[in-house]
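Here come two complexes built around chain A, the first alongside chain B, the second alongside chain C.
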Partner chain A sequence: MTITNRTTDRGPAPGDGHPLPWLVPAIAILAAFYAVPVLDVLRLAFSDASLLAPASRYSTDAIGGVLADPALPVVLGTTLVFTLANVAALQLAGLCIALVIARGERRGLRGMAAFRTLVLAAWVVPGIANGLVWQMLFDEAPYGTLNSLLGYVGLGPVAWLSDPQMAMASAVIANLWQGTAFSMIVFYAARRAIDPTLYEVAELDAATPWQMFRYITLPLMRRLIAVNTVLVTVQTLNTFDSILALTGGGPGRATEVLALFTFNTVFYNLDLAGGSVLAVLLFAIGMGCALLVHYVIGRERPAA
Partner chain B sequence: MNKTLFLAAAASALPVMGTAQDLVTRTRVGLADAPNTLTFRLTAYDLYSSDPATKAAFEALFTDFITARPDWKIETQLQTGNIGQEQARLLQQTQAGRGPDCAMIDSSQLALFKDNGVLKPMNDVFSDAEVADLFPFVRDAVTDADGNVLAWWWFTDLRVLYRDTSVVPDAPQTWEDLKSAALSAVEQGREGILFNGGRWEGTAFDWLANVWAQDATLVDDNGAPVFASGENREKVLTAIAYYQDLVDSGAAPARVTSITDYDSFNAAAAAGSAAMFIGGNWQYGQLRNTLPPETFANWEVSEIPGPTADQRATGTGGWTIAALTDDPAKASLCGEIAKDIYAGPGNAAQGLLPTSAAIYDQYDTYDGPEYDLFSAALQNGVARPGAAIYPELSNQIQIMLGDVLSGTATPEAALDTADAAVQAAFDRQ
Partner chain C sequence: MTLARWGDVATYVVLAVLGAFFALPFLWLISLAVRTPAEVYLGASRFIPQAPTLDNFRLILSDPAFLIYLWNGLKLSASGGLVAVALAIPAAYAASRLNFRGKQAILVGILAVQMISPLVILLPLYRWMVALGLLNSDLAVIAVYGALGMPLAVWLLKVTFDGVPIELEEAAAIDGASRFTTLWRITLPLARPGIASAFILAMVMNWSQFLIPFILLERDGDWPISVAIFNFAGATNASTTQVLAAACIIAVLPAVMVFVALQRMIVSALMAGAVKG
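Here is the complex of A and B:
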């Protein structure tokens, strides 16, 4: 039976002739809630608006000012390190946990649901709370939690938050703890969607666990890994609340990522136009990542 | 008989309690059908405090206030704790004609509101004598050139040096004294001196006392940043070098660059790990409530040391109440709220520092010796500069200190970077 025949069998669908009227409500909602705010931010980026006064004229001054800011390269560098480290770690941790849970469930191990819930619990913690919790754990005072634990085994103390390099590592750890659950969910769903027959056949062929992962799991999850890369990258790029609570961006600018820099520009500088330029930059970077992955997936898609 | 009397007393009190509860709700003070309405935006630290005793005290004060003015109701609007955002939003709304009639304005933002011309005089509420009794820095801030009372600064705070007298018996008077005392404490196994050094406003504000002690200025009369030019530059560099030396010498631990709240000092005092810290006056009461009496007895406060014993300064903050309405009757009521509820009884209820000397003598709350010190130190109080550039200036100082104390930049380079960033921000404003 061909597709044409199936269509004929069920009769004409509402969208077969003129799909536009059916799409209008969805387009209108998307425009109202997504496009309009984005366009307004774009407008503000070309204005002289501040938190104290609305836009009075339009120019590229704010764009020039932000791009000429010597802090911007530093912040972009910090953002790059933070994002790359997080995306790699989040994918790896999420994948490992998802595979452990899937394997545990396949073997009928008890407690897998509780384990999954435990990981998910971190995900629902608000970013600010996450930052505060880790700030207490990383406290470098003589009675600080992690340093005290390290002290029991003869290690440390570690300058978790006062050393610029360690502060970045600490920010990544805090974000990793919270964000892993999302990757885990995506990978867990992808792993569950793989036909178990493939693994049964591989076992009959005496394939090792690594071979099954390398030649079955990984290839069949590649598209979702790509999608997850985009989602996690955008999430990480937008992260600022947990860093705000954990380090405030310091010491110095050691952990000041682009999203936090945008926040500071608006609420310290009161510079709405400059903040809008940075928001557009953040949007462009996120969109660029999405298009890149879409392009890669598109190239891999088999011909119809 | 006693039981009967108790029940009778309780029954007679019920209507009063019921009335008080009706008069103060989560969004209103007064009767819902009162003909006149004042909108009042306030913080969550008094009438709606999470502390039951504070809440009860302010409910009683507001109930008395509104009972005496039955034609009025006050519609209350709560601010969140995010001061920067809230105050910017308040100013925006007021300029657009959508602001409240009366509002609490952070003292650091008061000049911004004054400069934008949104504050309305409350002259008929406050006498000349009451204005004259305000501390000088407060009086200057709440009045304009014509003597109009544009706000009422109802409480202030200041930074002082806390020390454990079992380790540091004598109060350090100079920077050098402080360093010596801290190093001595380190030899005794303590952290010598703690101060805010992380990325938050407290770091900049506490450190600025060392700049102000040298009579340096951050902005000129036009609000333009001048902290890194002329004589100010040397004074700022001297203050940076002072902090850097404290860390490099070990008098202060390197972890100060991660301290972003005052509670860390309370924790260090409770753990017995710190010998001294630069903290806020309000922490004295917190320590009294937290530490065992015998431990608390060791803690004393003194003025923040200066480069010399004669050069002292301390940063002062606090909150003001101001009228934002063109209606004179509402502006007066706003002033009366500040005067009758907050300044005086409100101060005493919370142990907050009044802004006029007379109130210290008026309430028993201020009989403790620490208040004599606070009151004396306030004579050297300096408020944040009332300029729109201050938040960014503070931001850059935080970055500058973080970079220097963590060894990422030299004081000169860090100051140049901060200056360039502040000037660029000022140009965009």
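Here is the complex of A and C:
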């Protein structure tokens, strides 16, 4: 009798159950460490708080002060150059490495795992150490790494860190060294997820490697490339510890990106209100990118 | 030679160029760290020093302060990683096993908060920690590490739990086990490799953290190694480059070694996350 009951009434399905108790810790953390602080930064942006004194009154003075600061356009320009250069370089390098490793593995070539390990090792180097190591490499003295290597082939010396434009290039190179691994992993995963029969069919049709890349690999990786572009953009925007250690933002403001400018405003000038305005700006740009990724995924999913 | 063989040659040429770029900083760092002060000034001509020495490492490691920095780094990053994973497990389990309204929204939300710079949330957190009297306490740093590491851990653990056969949980449920018992006795033991990857990844990220401890810990003796080397670099000059190089190696090595040893596990977890996320 009970058995017939069971077959008609199956009892709770595996997916049932109240989710709330499970979600409480995560939601509490999201609220306490993300949502409320972001709102509080917004409040501070309208205040006159310094790092040492709490807000005494609310106005738009801090916002006006930041917007009128002649350093802001310079910093935003620097941020734009640094971010664009990195997003392009990181993804090109990541894509190139991912495809080369994937090819090498298909052909059974040796050394692919070792190479991947090397790129990943650079990834886990702390940002501060990254800045310090590249500072040694870019040392402009005749015995500096790159300058003494260039000296062998009769070039240089290059003013890696003291020339404003070269300093920006150097900061991008240092970030490229450390950051490529992320894009490499994403693209490597995307490449491995492509059905190999597509390439076999293309080979039967005598497609060239370039055609296979152009008409199979690239279109099928398009969605992940879009997502990765946004992720890398936000990561680059938020990067500042390696620049702090490499150039300290200099020479002048040549490598002072928005995140570093915010850090300096709050923790060296103790201007919490002004720093909060900059932090809101940083947050808004990052969130704009996050919404973009959501939009991109939402739009592409029905098609894919 | 066939086209494929030429392709292999091209593969190795590309790898050689990129390999030189990625290996150079590591190799140079090692080269500097085993030089005597005199040989530092000889640049590339002494890439392999004539009289390699371990004195620089001896100097660093004989400094008790340095060992404390290393211990602080380990303590803070491991505790922070544990907190992150412990906070992530229930949410990841719910995301993997339960159907409820708004699940997608919560998962996207968890992904989105990762885009917020720690710098942004640190401004109010710093003031709160001062108000709570938690400035200069490890607890403050560990809590922030836990909060920063949780989102990625939720995603990695969700993918891990998805891979645990649901039939095993159903069998346990038929035997009368509650969901909590099932999770504790069946799912978590089976998900051990994924949990370990999430923990280690969180720990490596914490090891690299500079901003949080730099701001929340003001006393020299509380600093982890990432903050200490920044401070140390400010006190060095050209004649002590080799000592700074040795200090950098000591700061970098633990993270690199752990990561390289476990990279297969971590990378496959990340790759699963990349394709599905």
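FYI, the second predicted complex is superposed on the first by the 262 of 304 C-alpha atoms of A that agree within 3 Å, B and C clash if a C-alpha of one lies under 4 Å from a C-alpha of the other, contacts with A are read in each partner's own complex, and residues count from 1 in each chain.
Simple rule for what comes next: contacts are C-beta pairs under 8 Å (C-beta built on N, C-alpha and C of every residue); 3 or more make two chains touch, one makes a residue touch a chain.
Predicted model, so just to flag it, every value in this text is computed and none were measured.
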**OP:** State whether chain B and chain C clash or fit side by side on chain A once the two structures are superposed.
**Re:** clash
Original post:
Is A:W160 contacted by the first partner chain B, the second partner chain C, both or neither?
Top reply: first
**OP:** May I ask you to decide whether A:F267 touches chain B, chain C, both, or neither, giving the answer as first, second, both or neither?
**Re:** both
Original post:
Does the superposition put A:A71 against chain B (first), chain C (second), both, or neither?
Top reply: first
Original post:
Which of the two partners, first being chain B and second being chain C, lies in contact with A:G249: first, second, both, or neither?
Top reply: first
**OP:** Using the superposition described at the top, determine whether chain B or chain C touches more residues of chain A.
**Re:** C
**OP:** Could you tell me if A:S59 is touching chain B, chain C, both of them or neither one (first, second, both, neither)?
**Re:** neither
Original post:
Who does A:A26 touch here: chain B (first), chain C (second), both, or neither?
Top reply: second
**OP:** Once the structures are superposed on A, label A:P142 by its partner contacts, choosing first (chain B), second (chain C), both or neither.
**Re:** both
**OP:** Could you tell me if A:Q211 is touching chain B, chain C, both of them or neither one (first, second, both, neither)?
**Re:** neither
**OP:** Clash-wise, after the superposition, say which stretch of chain B runs into chain C: 74-82, 146-154 or 290-298.
**Re:** 74-82
Subject >> Residues of chain A that lie at the interface with chain B and also at the interface with chain C >> reply: 51, 135, 139, 141-143, 267
Original post:
What part of chain C is in contact with chain A in the complex they form?
Top reply: 4, 7-8, 11-12, 14-15, 18-19, 21-26, 28-29, 32, 40-45, 87-88, 90-91, 93-94, 97-100, 103, 106, 108-110, 112-113, 115-121, 123-127, 143-144, 146-148, 150, 154, 166, 169-170, 173, 179, 204, 207-211, 215, 226-227, 229-230, 233, 238, 241, 244-245, 248, 251-252, 255-256, 259-260, 263, 267, 270-272, 274-275
Original post:
Along chain A, where are the residues that touch chain C in the complex?
Top reply: 14-17, 19, 21-27, 29-30, 32-34, 36-38, 40-41, 44, 51, 54, 93, 96-97, 100, 103-104, 107, 109, 111, 115-129, 132-137, 139, 141-145, 147-149, 151-152, 177, 180, 185-186, 188-190, 192-193, 209, 224, 231, 234, 237-238, 240-241, 244-245, 259, 262-263, 266-267, 272, 275-276, 279-280, 282-283, 286-287, 289-290, 294
Original post:
In their complex, what parts of chain A are in touch with chain B?
Top reply: 50-53, 61-62, 65, 68-71, 135, 138-143, 159-164, 167, 247-254, 256, 264, 267-271, 273-274
**OP:** Can you check the complex and tell me which residues of chain B touch chain A?
**Re:** 84-85, 88, 91-92, 95, 112, 116, 191, 197-200, 253-258, 260, 264, 267-268, 271, 273, 388, 391-392, 394-395, 398-400, 402-403, 405-406, 408-409, 417, 420-421, 424-425, 427-429
